[in-house]
Structure formats: C-alpha cells, structure tokens
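Order of writing sets the labels: A, B and C. Residues in every chain begin at 1.
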Amino acid sequence: MQYYADLATMLLISLTAVVGVFALTGLTGLFSFGQGGFMALGAYTAVLSNMRLGVPYPLALLLGVLMAGSCSVLIGYPALKLRRDFFALATFGFGEAITAIFQMFTQVTGGTMGLPGIPRYTELWVALPVAAGAIFLVANFKKSKMGRQSIAIRNDELAAQALGIDVFRHKMVVFAFSAGLAGLAGGMQGFFIHYMDPRIFGWTTSVEQVITVYFGGINSLTGSVVSTLLLSTMPEVLRFASTWRVVIYAALIILTMNLRPQGLLGDWELTRSSARDQYRRLRRVPAEPQPAELEVR
Amino acid sequence: MAAVNGDLLLSVEGLCKSFGGVRAVVDFGLELRKDHVVGLIGPNGAGKTTVFNLLSGIIPADSGKVTFQGRDITNEKSYVIARLGIGRTFQNLRLFDGLSVADNVKAACCHDVGYSFLSALLGLPGMRDKERALNAKVDQLLELVGISHCRDERARSLPYGLQRKVEIARALATNPQLLFLDEPAAGLNPSEVAEMLTLIRGLHEEQHFSIFLIEHHMEVVMPVCDDIYVVNMGQTIAHGTPQEVQSHPEVLKAYLGE
Amino acid sequence: MYVVQQLINALSMGGVYALVAVGFALIYSILKFSNWSHGAVIMLSSYFGYVMAAHVGLPLIPTLVLTTVVGGFLAVIIEMIAFRQIRLKNGPIIYFFVTSITVSTGAQFAMYPTVGGNFFRWPDLISSTTIQLGGVTVSTLNLMMGGICLLALVVLNQILFRTRIGTAIRAASNDMRAAALMGVDINFVIAAAFFLSGALGGLAGTLMGISYTTYPEMGAEAMIKGFVAAVVGGLGSINGAVMGGILLALVETLVTMTPIGSSAAPVAVFAMLLVLLFVRPWGIAGKATDEKA
C-alpha cells in the first residue's frame, strides 16, 4: 500500500513541475534546459532552511519557490532577449552552473557526497493538493489572456509584438511562473526522497519534461497530465524500462512527431463541456435538439 | 471625402532604409490627417511594405522622423506603437495557428484586458467579468467585418478571403486610430475584392478610422483614397489626389515601362 | 615560445571543432534550424571507429574513411526518422527542436546500458612522436589531425563549388523555394547535405577518439562547442564556422594556461559566446538578416 502511495506522491511531484513546463514550452514555445537548476534551487533552499535554520516545512517550500523565481528573473532578463536556440543553450548553461556551484560548496550542501537525513514531510496528502493547485493555476493560465498571448507568441512573435503584446515581458512572467513551479516540485522532492545530491536535477530532467509535454500535446494541459501519468508509471510496469527509460522516451516522442505530431490528446482539453459531451456519448444520450430541427414539418 | 484640413495624425520626414547595398526606402515623407485614407502604390519591390515595417516599428530606420499624434515614434518598439493607436495587417497573412478566429482577435486586445497575472491564475471574478466583456467586444468586431459565423473555427483553416477579414478584425482589436492595411485585397477574386472595398469604405465612412493603405488593385485604391503616394525603387515619384496620380507621366512610366 | 607551441598544437583541436561547426552550419544554411542531433552522429561514429580500430584492427586510413561514410549515412537516417515527416507536413520549427535534441539524448543514454559509460582508449593509429618545426615542438598526432581536417575542408569546398550537387546545396541554402521551382529535387539535396554534415561529424568523432577517448557524453560536448563556434563565425556561414572553430580552440588553450586552469575553459567559451551574442549577434562572417514582414 505504501508503495503505491509513494509512487503516487512521486508522480504528483513530477506533475507540479511538468505543468509549469507545459505553460513555458508547450504554450509559449520556450525551451528551457535549466528547469533542473530551478528544481535544485528550490530543493536546497527549502531543505537547508528547514534543517539548518529551523524554518517550518510549508514556509521552507515557499522560500524555495521564491528563490527559484528570483533566479529565473535574473537569468531570464539577458537570456530571454536571445533567439530560441541560444535561450535553450543559456538555460542549459545555467542548469549546469547551478549543479557545479552546489557541488563546490561542500560544507553547505554536502557536495558530491550528498545531503542525507532530510526529514520526510512530503506525503501523499501534501503532494495531492499542491499538484491539484498547480494544475488549477495552469488551467486558468491557459484559459485567460496569458494562454492566448502565449500561443500567439509561440506561433508568430513578430505579429504578436506588432499587435501590442509586450513579448519580452510576457516571456519573463511565464519563465518565472514555471521556475517557481519547478522550485516547488524540487522542494517537495527533497523532503520526500530525504536525500539530496546536486546531480539529481540535470538537463536530462528538462529533456524528459519537454518530451512529456510534447507527447501529451502542446495545446492540451490534460495531455500533459495524462502523459506524466503514463510515462512515470511505465518504469514500474515494465521492469526493463527503468534502465532504458530515456531511450524509450526518445523513441516515443520520435514516433509521436512522425505519426501524430499533435500529441496524444491533440487539442482536446478536459473541461466541463467536453466532459459532458463525453458522458453523453458514452451513455448514447442524444444531444439537445436544435431549435431549427423542431420546426421541420 | 473628409475635410482637407483635419488634424495631422501621422507625419513622416526623410525616412531612409538600406539593406546591405540596396536602398529600399529613400527620403520618404508623408502627411496623414485624421479621417483620411492615404494610399501607397507602386510596382512590386518598390519598398511599400518596408515603409509599413519602418513606421510600425518592425524594423529600425536608418534615418528620418515619424510623428504620431504629436509624439515621436521613430524606431519605437512595435508593441508600443500598436498600443499608441496604430493597428496593422500583414501582406503575407500572419494569423495565429492553433487559435480560433475569436481567440486570434482576442489575443490582440491588450487594451481591454486589464486584469493582472494573479487574477488570471486564480480565475478571480474580476477577470471573468473582463473576459465576458472581451467576448462581447470581439463579437462586435467579427460582426462588423462579417465573419461572425466562423467565430470558433481554427483561423488558418478558413478560406483565404475570410482569413484576410480575420486579419482586419485583429488589427481593429487594438483600438487603433490609424489602420495600416497591407494589400488587403491581395489574392482575392473579383467579388471578394468588391466586398473588401465595401468593408474599407465602411471602416472609413461609418466607423471613422483613418487608414493608410498599400494596394495593387486600383479599383480599391482609387475610389477610397483621399491622397496617394507613388513609390518606385524606394523613391517617391508622385503624390496627389487619385485623379492627379492616374494621369501622372512618371507613374504611368513606372507601371507600364518606357 | 611555450605559448606559441601550445597554440600551434591547439590548431589541431581547432580543426576538429571546425569540422563539427561546419557540419552544423551546412544544415543551418539550408534548413534554417540548429541540428541538435549532430552530437549523436559524432558519438556513434566514434564508437564505430573504435570497434574498427580496436577489435577489427584496421589501420588509420580505412578507419577514417569508413567512419566518415558511416557518419554520413547515420545523419541521413536521422534526417529520415526525425525531420523528414515534420518538414513534409510543414510542421512548426519547434518540432525539429524537440526531435533533434531527443535523438542526441536518446543515443547517449542508449550507450550506458549497452557498452557502459567508460572512456574507451583507442590503439595507437598515429605514432606518438614529435618533430621540430622551426624551434617549436609539434606532435605528429596534432600535425596529422590538422592535416586531415584541412584535407576534409578542402574536399568539402570542392564538392560545394565544383559539383552539381554542391551547387544545388548552395542554391537551396540561398533560397529553398526558388531552387525547388527550378527543378532541384529538394529531398535529395537535403539528404546530401545531411550526408556531408554527418561525414564531417563522423570524421571529427574519430579524430576525437584517436586523440582523446570515446565516451557517451562526447557527442553532446562536441556539439555544444561546434554550435558556439558556428555562432561565433556566423550561423549559416561555412567560412565563419571554420574560423569560429579555430578561434574557440585558441581561446580554450589560452584560458587553460592561465592560473585558473582547465576548469575555466568551458566558462570562458560560454563567456565568449554571450559577449558575441549581445555585441554582434550575427557572428563574425554572417550577415544581419531582417525578417520579412
């Protein structure tokens, strides 16, 4: 039983980070390979403030979020002026730099020997509302002007800017938002696996997150959720999958891009109306007759 | 036709731009008054779209001065210019794929969506009210342009003529005082061109938009413009009323060759 | 004197970086996107070369030739599985981004469970002697590597400027649509460009294996350096890529000789890139391009 609870908790932690990547990479088209760096920042800030300074768990998590968010503003300011490739490279460099810095300050972080003995505060009943909250925020993001402007920017930055969207500012906001979510996920993870090591969050984490989002469909938040569920549980279901996890992810996304580039769920989103439609379809309940139909004869 | 001495809305002096060794725009000047429609015509490659791009902040000018409503907007960022009141369409349609027609237009409404990021994230009532108002405004615009029936369709899947209309609705969404229309009738069949002319007429005479228009279809340019500038190879070769320009020798030479 | 010697020896590394950068620039000039799968070609070719040299026992020349050809074919295969469908369906450029990075990452991680993450040392294909050139000691290895790189670039130049396919590639890089309209078979041209790019990558991977070792991360590392070099030289410009590669190697060597040592080298490279991106975004040899509205 505990095993399944742990599995679910880890899944929910990943979900928190992935929905942030959905907003950043799926909707806005920004490829950041430094999300691992933000997770690490969140993790170390939360864990160290709790263990060394006695900050209570919820506040510690919040500190992690703030640290990740502020750092994202710092590196975003120069980096977001760059083109897509260069931005990706800059965030990659940032992520690697964070790992290197954390490895250097051995007294504080435990360096490469890691930081053991972190209290275990993240349980299922913590991770569930947090992940649900994150999904709620990102769902609202998508429905609002933020979502529309993000898709506009992803599509055609030049036109978006010419129509009055302050593209740079928008990107900064989305970048900080996703960094904050990554920091939150990192913090939760620290108090869950109760061991921390600078190398846990690397660029491959970012690659996996991007693959997850694209696999689900870049326009569908539901897709990212379903995708996280499928891909996270896969190593548990298929024994060999854990050693080959990255390779399987890679093969999956290449297949997807070739055969179904819109992703698993395409544009479909789970909303009240789409849920109602699905329910009707399953129960074979005919749709409400349109007024015109009633007037035939 | 509007009065000759309306307020000066847009004035351009000495605008120049070169790409590498090619002088795309040479010493371009323009005066556009409120409630007027000014046309910019010339053979292909004459530099017309470059003028648009310079004025709307898409590319930086080498020299020159652009004043809009008394404010110097030379080399301003394009989103600033858009927010100041110039809305534009693009010659090669640049609709946002993945968004419906309504969303395409909504994406351009930055003035009217004054709710904060936090309100957006939390779905606060204030935000939902503003979204409702936004929907109403967008419906109005779609009605004005005549595409209400395709409101929820994916913008890029529409037939070409309707996409052109979406572009215009989108430009209108920015609450402009001045509309830049870059070849709005390009690629349209004759009945669509006539529709476009009616639309532009309506925008000018009923909605009182000032318009700066690039077009090749003379049947659209001549009836609706108060003032026409003719450019060829970056230089302004003629300027005047439609009648004056139609019979101008330089213009005829440029279009028909020696 | 010591400095000069180090710099001259660095030129051989510069040659290798140049090969990677040129491979990058070739694809960029035609398809206008950064081919992040280049690393996979470099790495896999290197492993193939290792097998040829260490297990099959081939000498230098056959190994070089084989890995160059294999690299070319690998790149073409990658184009077919990762890029072709997206290109044909006119998918957005961001899809290329995803597939190319995925290919490199997937290839790298396929190595760990199969051959392991160890560093494979090659047998001595080139005698490790040194010779004196005008008072400077140069290792034969570096001399040969530099020479091979130079030869490869000359051959590439000849192909691009003296053959029909080379002309087609150059035409496509100038204006793809115009080239297609003039009857150029775009699919074939793109495959050819990938083959050339992959061949250069394969050669680079082998030279890196010979002079250092072969290991899974080498593709990603080489690719990033190649990208930086290509950007420094002006993304899309072949000449620029060569200059960028050499410049990069020189900067790396100079920084390694300072008190900070070899750990500062990656930082210096990054710093160079950042400075250039903000000061002269189109690089050394590239031209500022304005997007057409």
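Please note the rule applied: contacts are C-beta pairs under 8 Å (C-beta built on N, C-alpha and C of every residue); 3 or more make two chains touch, one makes a residue touch a chain.
Keep in mind that what you see is a predicted model, and the values were worked out from it rather than measured.
**Q** Report the most central chain, judged by the distance from each chain's C-alpha mean to the global C-alpha mean.
**A** Minimum centroid-to-centroid distance belongs to A.
**Q** Report the chain whose mean Cα position is at the greatest distance from that of chain A.
**A** Ranked by distance of C-alpha centres from chain A, the top chain is B.
**Q** Using Cα averages as centroids, what's the distance between chain B and chain C in whole Å?
**A** Once rounded, the distance between the two centres reads 45 Å.
**Q** Between chain A and chain C, what is the gap in Å from one C-alpha centre to the other?
**A** Taking the mean C-alpha position of each chain, the two centres sit 33 Å apart.
**Q** Taking each chain's centre as the mean of its CA atoms, how far is chain A from chain B in angstrom?
**A** 39
**Q** Residues touching two or more other chains, restricted to chain B: which are they?
**A** Residues 58, 90, 94, 97 of chain B touch two or more partner chains.
**Q** Using the touch rule from the top of the page, what residues of chain A touch 2 or more other chains?
**A** In chain A, 154-155, 158, 162 touch at least two other chains.
**Q** Do you know which chain C residues sit against two or more other chains?
**A** 92, 293
**Q** Which residues, counting only chain A, touch chain C once they are in their complex?
**A** 29, 31, 78, 82, 84-86, 88-90, 92-93, 154-155, 158, 162, 204, 207, 210-211, 214, 243-247, 249-251, 253-254, 257-258, 261
**Q** State the interface residues of chain C toward chain A in the complex, per the touch definition above.
**A** Residues 34, 81-82, 85-86, 89, 91-92, 94-95, 97-99, 101-103, 105-107, 109-110, 112-113, 224, 227, 231, 270, 273-274, 277-278, 291, 293 of chain C touch chain A in their complex.
**Q** Going by the contact rule at the top, pick out the chain A residues touching chain B in the complex.
**A** 136-137, 140-141, 143-146, 148-149, 151-152, 154-156, 158-167, 173, 177, 219, 267
**Q** In the complex formed with chain A, which residues of chain B make contact?
**A** Interface residues on chain B, with respect to chain A: 56-58, 77-79, 82-83, 87-88, 90, 94, 96-99, 103-104, 106-111, 113, 115, 117, 120-123, 127, 131, 170-171, 173-174.
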